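What follows is a set of structures for review.
One chain, chain A, links the two complexes that follow: it is found with chain B in the first and with chain C in the second.
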Partner chain A sequence: MNGVHDLGGMHGMGPIDPEANEPVFHDEWERRVFGVVIATFGGGNYDVDQFRHAIELMGAANYLSTSYYEHWLHMVETLMVENGTITRDELDAEQAKLAKEAA
Partner chain B sequence: MAKHDHTHEHTAPPSDPALRVKALESLLLEKGVIDAEALDEIIDTYENKTGPRNGAAVVARAWVDPDYKKRLLEDGTGAIAEMGFSGIQGEDMLVVENTAEVHNMVVCTLCSCYPWPTLGLPPVWYKAAPYRSRAVSDPRGVLAEFGVEIADDTEVRVWDSNAELRYLVLPVRPEGTDGMSEDELAAMVTRDSMIGTGVIQAPK
Partner chain C sequence: MAVVTADMVAELSATGASCRLDETATPRFSVGDHIVVRNINPPGHTRMPRYVRGKRGVVQRDHGVFIFPDTNAHAQGEKPQHVYSVRFTPSELWGGDASDRDSIYIDMWDDYMDLQG
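This part shows the complex of A and B:
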């Protein structure tokens, strides 16, 4: 499928801007996303094709304006809801609960 | 606000990723889908125990041992496993050799395929749009952004990784390193030289 993820040859994406001495993770939440994804992937909850497909279905604007681990987070939320492990309502409720606790 | 069907794409801005992953992790732990200890071990493995030092050891071995180098170029996955490096995102490896005639560089235009067992997790720029879009259309311009200039009569070959095959560049061994030990050589090998966006400078 042609889509925004198919970036080869596209113009206007700006400079590459490599970071010197870059850490493996830039924030604790990236670390958690990585762990949750590898654990659920390794646990056989989805395969690599589903993994990529879920990211490729992101809206173009959303895809380009979010970071790599946000793509992963979108993917794992989508697939774990689709396969029935959790529901979107449970996720929304848990997020609301945590937001309230943090406030 | 107009009424809309609530499907996959939320029209409201999503809440911040830290909160979202916390919610997801706590639900999955509660349901026993993931295990807290296993999660910490995964993170520790890829943050602290895997990285470009692995690939550098492979490169240094290939520089000092012609038989190993032959095996590495013929069966990358097997020769890398000999050094103890294997696992996800390294199941099928092709090692490409830089020479005076050919400079190789690696990209994943579609996503972020990268040889984890030898290089660890990829840097942000490797997974981001600028590198992925331009590595295939203007490789010499991209290399210039990394401060790398390749002679006009050297061919630049770009390898687009995919979920089935990952690449590791075997960089050119710099001049003036004849007497160096394998460990000393490994210490000179940079991550970018194994992606092909760097070259190794000769010792001063």
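This part shows the complex of A and C:
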């Protein structure tokens, strides 16, 4: 699909600014997303082509304003709901519970 | 639910999962072939970047047989086919002002290309 993910050749994205001594994860939640994806992907719940396409289907503004591991989180939520392992209601309820605990 | 076991984690973390297939498929191209990229604009998944569509390149290397992402992403089968490293010149992709001291190599599936006519 001719989505915003296909950035090759586009102008106006700003300079590429490699981080000195970049850590593997910038925050604990990134480490957890990585773990969830390894567990679900490695367990055969989806393949790499479904993985990539789920990220391509993010809305353009949302895609460009979110980070690498936020894309992974969007992917795993989307595909695990699509394949019926979890329901959207369960996901929403858990997120609401976590938001309440964090408040 | 399918599970991942501890002994699978190291390889998965290091390499991801390979899409190479242990199958034979008849290659449509050979090293040295001059190709032109198909101008396809599928609404679904593709691994072909927009900026090579309709462009001309030369096959540099045959990587072997792989799953075809454009069908596999949509449960339409693995459609095993060869993937090649194809060389494009900067001026072919970006026009006459681009430096031809560089080369752009892109992995291309059989279904993405035709021989230059």
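Here is the rule we go by: the second predicted complex is superposed on the first by the 103 of 103 C-alpha atoms of A that agree within 3 Å, B and C clash if a C-alpha of one lies under 4 Å from a C-alpha of the other, contacts with A are read in each partner's own complex, and residues count from 1 in each chain.
In the analysis below, a contact is a pair of C-beta atoms (placed from the backbone, for glycine too) under 8 Å apart; a residue touches a chain by one contact, two chains touch by 3 or more.
Since the model is a prediction, treat every value here as computed from it, not as a measurement.
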Chain B versus chain C, judged by how many residues of chain A each one touches: B
Which of chain B and chain C A:95 touches, first, second, both or neither: first
First (chain B), second (chain C), both or neither touched by A:13: first
Touched partner set for A:38, first chain B, second chain C, both or neither: both
Chain B versus chain C as contact partner of A:85, first or second or both or neither: both
Partner chain(s) touched by A:52 [first = chain B, second = chain C, both, neither]: both
Which superposed partner A:2 touches (first chain B, second chain C, both, neither): second
Common interface residues of chain A - those touching chain B in one complex and chain C in the other: 6, 8-9, 38-40, 42-43, 45, 48-49, 52, 85
Partner chain C, residues of chain A touching it in the complex: 1-2, 6, 8-9, 38-45, 47-50, 52-53, 56, 85
Residue ranges of chain C in contact with chain A within the complex: 1-4, 8-9, 12-13, 16-17, 19, 41-46, 49-51, 67, 69, 72-74, 93-94
Residue ranges of chain B in contact with chain A within the complex: 8-9, 15, 17-28, 31, 33-35, 38-40, 42-43, 46-47, 51, 88, 107, 109-112, 120-121, 123-125, 127-137, 142, 145-146, 160, 163, 192, 197
Residues on chain A engaged by chain B in the complex (per definition of touch): 5-11, 13-19, 22, 24-29, 31-36, 38-40, 42-43, 45, 48-49, 52, 55, 57, 59, 62, 64, 67-70, 73, 76-78, 80, 85-86, 90-91, 94-95, 97-99, 102
